[in-house]
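Each of the two complexes below includes subunit A, the first together with subunit B, the second together with subunit C.
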Partner chain A sequence: MADIIQTMILGMALGGVFALMGSGLSLIFGVMRIVNLAHPALIIAGAYTAYWGFRLAGVDPLIMLPVAAFILAVVGIVIYKLVFEREASSAKYTQMTVLLTFALAMIVEGALGTAFTNTQRVTSPGYATDAFFIGEVFIPKGQLYAGLVSLAIIGGLSLFLKYSNFGYAIRATTQNRDAAELLGVNVNLVAMVSFAIGIGLAGAAGALVSFVFSFFPAKHWEWIAILMSLVVLGGMGSILGTVVAAFLLSIVAAFVGDFFGATWSTMTFFLALFLVLLIRPQGLFGEKPELA
Partner chain B sequence: MKIGTLVATAAAVALMSSTALAEIKIGASLPLTGNFSVAGQKHQQGYEHCVALINERGGILGEPVELIVSDNRSDPATAINQYERFINVDGVDAVYGTFSSRLTFPVANILAKYGYVHPVPAGGALRIYTQGHDNIYYFQPNAAEYVGASLAGVLADLVPEDGKPVTAAVISADDFFANGVWSGLMGEKVMDPADGSEVADLAPGYLAENGIEVVFSQRWPEEGFNDWLNLANQVKRSDAELIIGLTASAEEAVQLTRSFKTVRADPKMVYLSQGTQAEYLEGTGASSDGVLVHTSWHKDAPFDSVLAGEPFSNNDFVNTFKARYGSVPDEDSAIPFALCQGIEQAMLGAGNTDNAAMGEWLKARTKEEPVLTILGRFNWDDVGLPADKPFLMTQWNGGELQFVYPTDEFEGVSPMTFPKGGF
Partner chain C sequence: MAINDTSSVLEAREAYNAKLAGAHDKTRIVWFPVTLLAVLLILPALQFAGNYNYVLHLVLFTACYVIMASGWNVLGGFTGYISLGHNVFFAIGGYFAGMIFARYGISTIILAPLAGLLCAVAGFLLGQIMLKTRGPSFIISSLALVMIARILLDHWQFVGGANGVALPANDLPVQWAKLPYYYAFVLLAAFTVWACYKIKHSKFGLGLRAISKDEIKAESAGINTRLYKQLAFAISAAFVGMAGAIWGEYLTYIRPNIFTIILVSVYMVLMCILGGKGTIAGPVIGAILILAFNEFFVATLGASEINILATGLIMALVLMFFPLGIVGTLAKAGKLPRILNWD
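Let's look at the complex of A and B:
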């Protein structure tokens, strides 16, 4: 029984980190219909921000989190203005963003490699490799803290989206961009701020990732498929769906790894992506696509 | 007429100057981006540093060397195309090998087809050397399948009889190199992927030979694996006294070691197949104490080495490398440097850059007349693997990577810490 509880805890611990990593991706798709393949590369940029804060000044990555989020949010505004704003009216906008963000991912990877070399890094605050032991079961402190912070940020974002005026505007734009514009919402501003928030979430996730996983510029290619599987299972654009999917898939993957071997635990994410697209393309919380 | 003469003169001058500036061209396709980029960039530094030092000393055979490095993005097809381009478009005189067994395996066919000497810095899978090519020369001590011999030697010679581990957990990256080490440890047959024929039968394997029972074994996928804590916890639950982690990169070694610390694993002995790099120490800190890692190079190994016909010690290598790059090199830079030394000696030995002549000279090397590099002496057997050359076994202690085995090769061997205890 202890083994089952332990596996469940380890799955949840991983899920908490993935939840924040996927949330920004989901928000950006929900509001702007951008499939942001550069999202994991920007997460790594956030991880470097936390890493250098820790290494040069001894600042805890959790303290560096808002700094990383702010810096990446500013980067997000710049990227939006340079890359996406002029393409917003294109008929094939979503398809184009796949290519644009693919190129962006490679540019970010190259820039990070040039700036920081390709040496792998990880931050090592004391809690990153410590755990709470309760009888035969342990809870890893690093993942626990990362998961709690992740849920707090997502909770705050949800409250912002639900109760603030700007949140109303974002949700309105998510549901129907044209209708929102007709009602006086400045959809371009909403898109830019949403993109900045989404990339800011990547920065925050990066700060958490910096002590949970080791990373280097090219690491993002390993994460994009996993994050996409979370977003698709949760329902493209649904932050709640992404969070639920992150926990669900991480727990299932942990049990799969335990029973069938580590090779199959990673396969869980890809198998889920495949099955969801086949059986329920709108995901758990997404809207069913309208028939033409 | 005047314009025509001017153009012709300019072209002739340009041709002459380019000829004078780059007499010997060498091509190297490396994974500077993608999954192997960490090691790939260090290999680039090793090659470039060596070529720079050679040029500072007057070049090879009096001619300067131009090194062309291309990024293959860790992709085998791109690596193949780049070597084709080096040979058919750039007209290189020689090539340096790429990084990893995965990229080296397909590249070997291309270089064999064109008859180029194929010096391999990192491509330890035995299958690479049993394809029947006679142009290949490995610049590490031995094939991956035989890496376990060093661990077996440590168990036999350094571990007290009454404390020897009797159970082992073997976990491995599902990677060309790591799978080779796994085969040797577990005593598996090595098959040729092309025709399914048997390359070698490694039974019973180094662990069984040493009376060690494998109580847990598992592979993790080469890419996208994140569930390190779960894997470490399964190893801990197996109560194995010896943990063998066949990591394919320093990054995996960091993840594993940190996870073992988190779950509070407490084995007698830990061996990893990667983890000599500075970033391993940075990522693991004191948890690295007692961890054994095999290596091809160590900065304190007093090998007799030659560069540009002059003695060149490991100390010289470390100092010049630090001066150029501002960091201490590890084996991922030392191995390509040694390879570059070997090719320089082959050109000098052959008296030209003809690949057939260079190959003949390399084949004629013996234990008494070897190639001399910062990795020690090299001469090769019929398939291109170094003859009678053991890996160094190192151990992290107090933030220092000390070499602990073999004990009779040279001075300066440190006593091994045993048992390891917790992380």
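Let's look at the complex of A and C:
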């Protein structure tokens, strides 16, 4: 029994981090219909920001989190201005942007690899290797904090989307871009800001990732499929769906890892991605199979 | 003449079509690709004059990618389904032929057609599943396919896991050791380009191009889109698989990180996009340019990370400014040199 609870807790702790990693992706898809394959690469960029903050100045990654988020958000605005603004009129927009973000992922990976080499890094604040014990069950502090912070950020984002005027505009654009524009929403501004928020979330997730996983620039290929599986299972564009899917899949993956060994736990995500695309392409919370 | 007698009209139309096709044939310069092939076939004679193994390697490497990029083009260019997972078939071909070669000593050059057949079957079956998705989700599912293949090959002990299997090198003298693979790749590349031409100009190819323009309209025009797409998937997989089969023996080892790294499939995609998706000459030009560029970068800078950065940059710039690729952009402007018009 303790084993089952233990596996469950480890899965949930990871789920929290994955939820934040995926929610930016989901937001960007919802508003802009961009499948951002560069998201994990940008998460790693955020992780490096936190890593160097910790290594050089000894700043705690949790304090570096807003810094990483801000830097990445600025990067997001630059990318949006340079690349996606001019692609908005492209005929095969979604397909085009997938390839473009793929190229972007390679650019980020190459730049990070050139600057920081491909050695494995991990930020190691005291709590990263510490744990709480409740009876026989232990909860790793690093993953717990990361999960809680990530849920707090997602909660804040949901409140912003739900109650602020700008969040209202974002949701309107997600639902129907043309109608929102007709009703006076500045769709371009909304797209730019949500792209910046999405990439900023990648930066924030990066700061958490930096002490939960070890990372190196080429690692993002593995994460692409993992994050895609969350977003697709949750329903593209639904942040709630992404969070639910993140917890669901992480827990399943933790059990799979427990039974069959760690290598197969990542397989859970890939197989889930495959199955969802085939059986229910709109995901759990998606309204219509827009992607299919 | 009865008013409902249409045979003369049909005859006249047929004659007119034949005349048009003939006129088109005359503008096509067949001698150029043929001469190119002939030059490549006598190129190994250089070995009598000195050691030109590096030149042979470059041609062979380019031919390998011409096969893969042209194969990818059948699905990605003609049909419009962008797959980032075609290196899976590279791996299937390489592992299938490589394992038989390691166990029974049958040359992979003989096994290549079999490997191609196996990949065609695999492609047909995978297509049955994956082609249910479309556009971006097809791209995502193809990425997931690579990840799955990677994990499976890394942990399948029968094929050596992550360490792979070493294959015996042939016992030809160093000077001539590359020759069998050289001819195999060059001839296979020539065959692939010819086959792509034939496919593009068949009714099947017309159907594929209709699917890439508008799948629903193609379906309502009576094209069996499912079957067509699956066949396109199978054909493109077969070419990639054949290239993979010989590539393993040429390198003398098979290992997951040769076949399943994402860069291999990125190269296929990038070559087609740079050269011109859906054209015959495009993948060839793309392969030559990308590999020349790659060789230059590795030779001058030596860093694979900068190479990834540069590859990404080229891909982004081409997508943003020349989405039709070199051949497509030139053809649209009416400035395509006649020797490059292979369509």
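Here are a few things to note about the model shown:
Simple rule for what comes next: the second predicted complex is superposed on the first by the 288 of 292 C-alpha atoms of A that agree within 3 Å, B and C clash if a C-alpha of one lies under 4 Å from a C-alpha of the other, contacts with A are read in each partner's own complex, and residues count from 1 in each chain.
The criterion applied here is as follows: a contact is a pair of C-beta atoms (placed from the backbone, for glycine too) under 8 Å apart; a residue touches a chain by one contact, two chains touch by 3 or more.
Remember, it's a predicted structure, so these values are computed and weren't measured experimentally.
When both complexes are overlaid on subunit A, subunit B and subunit C end up clashing with each other. By the touch criterion defined above, A:263 lies against subunit B and subunit C together after alignment on the C-alpha atoms of chain A.
By the document's definition of touching, of the two partners only subunit B reaches A:138; subunit C does not.
When the two complexes are overlaid on their common chain A, residue A:98 makes contact with subunit C while staying clear of subunit B.
Of the two partner chains placed around the shared chain by superposition, subunit B and subunit C are both touched by A:113. Looking at the shared chain after the overlay, A:3 reaches subunit B, while subunit C stays out of its contact range. Of the two partner chains, both subunit B and subunit C are touched by A:225.
Of the two partner chains, subunit C is the only one touched by A:271; subunit B is not. Listed for subunit B are the stretches 9-17, 45-53, 81-89 or 333-341, of which 81-89 clashes with subunit C, judged after superposition on chain A. Common to the subunit B-facing and subunit C-facing surfaces of subunit A are residues 109-110, 113, 117-118, 217, 221-222, 225, 263, 266-267.
Here subunit A touches subunit C in the complex through residues 35, 37, 83, 86-87, 90, 94-96, 98-100, 102-111, 113-114, 117-118, 217, 221-222, 224-225, 228-229, 232, 263-264, 266-267, 270-271, 273-274, 277-278, 281, 291-292, going by the rule given at the top. Residues 3, 6-7, 10-11, 13-14, 109-110, 113, 117-122, 124, 128-131, 133, 138, 140, 142-143, 213-214, 216-218, 221-223, 225-226, 253-254, 257-258, 261-263, 265-267, 269 of subunit A are the ones that touch subunit B when the two sit in their complex. Subunit C makes touch with subunit A in their complex at residues 82, 84, 129, 132-137, 139-141, 143-145, 147-148, 151, 154-155, 262, 266, 269, 273, 303, 305-313, 315-316, 319-320, 323. Of all residues in subunit B, those touching subunit A in their complex are 32-35, 37-38, 40-41, 74, 171, 174, 218-221, 223-227, 229-231, 233-234, 237, 249-251, 254-255, 258, 261-264, 279, 282-283, 285, 287, 423.
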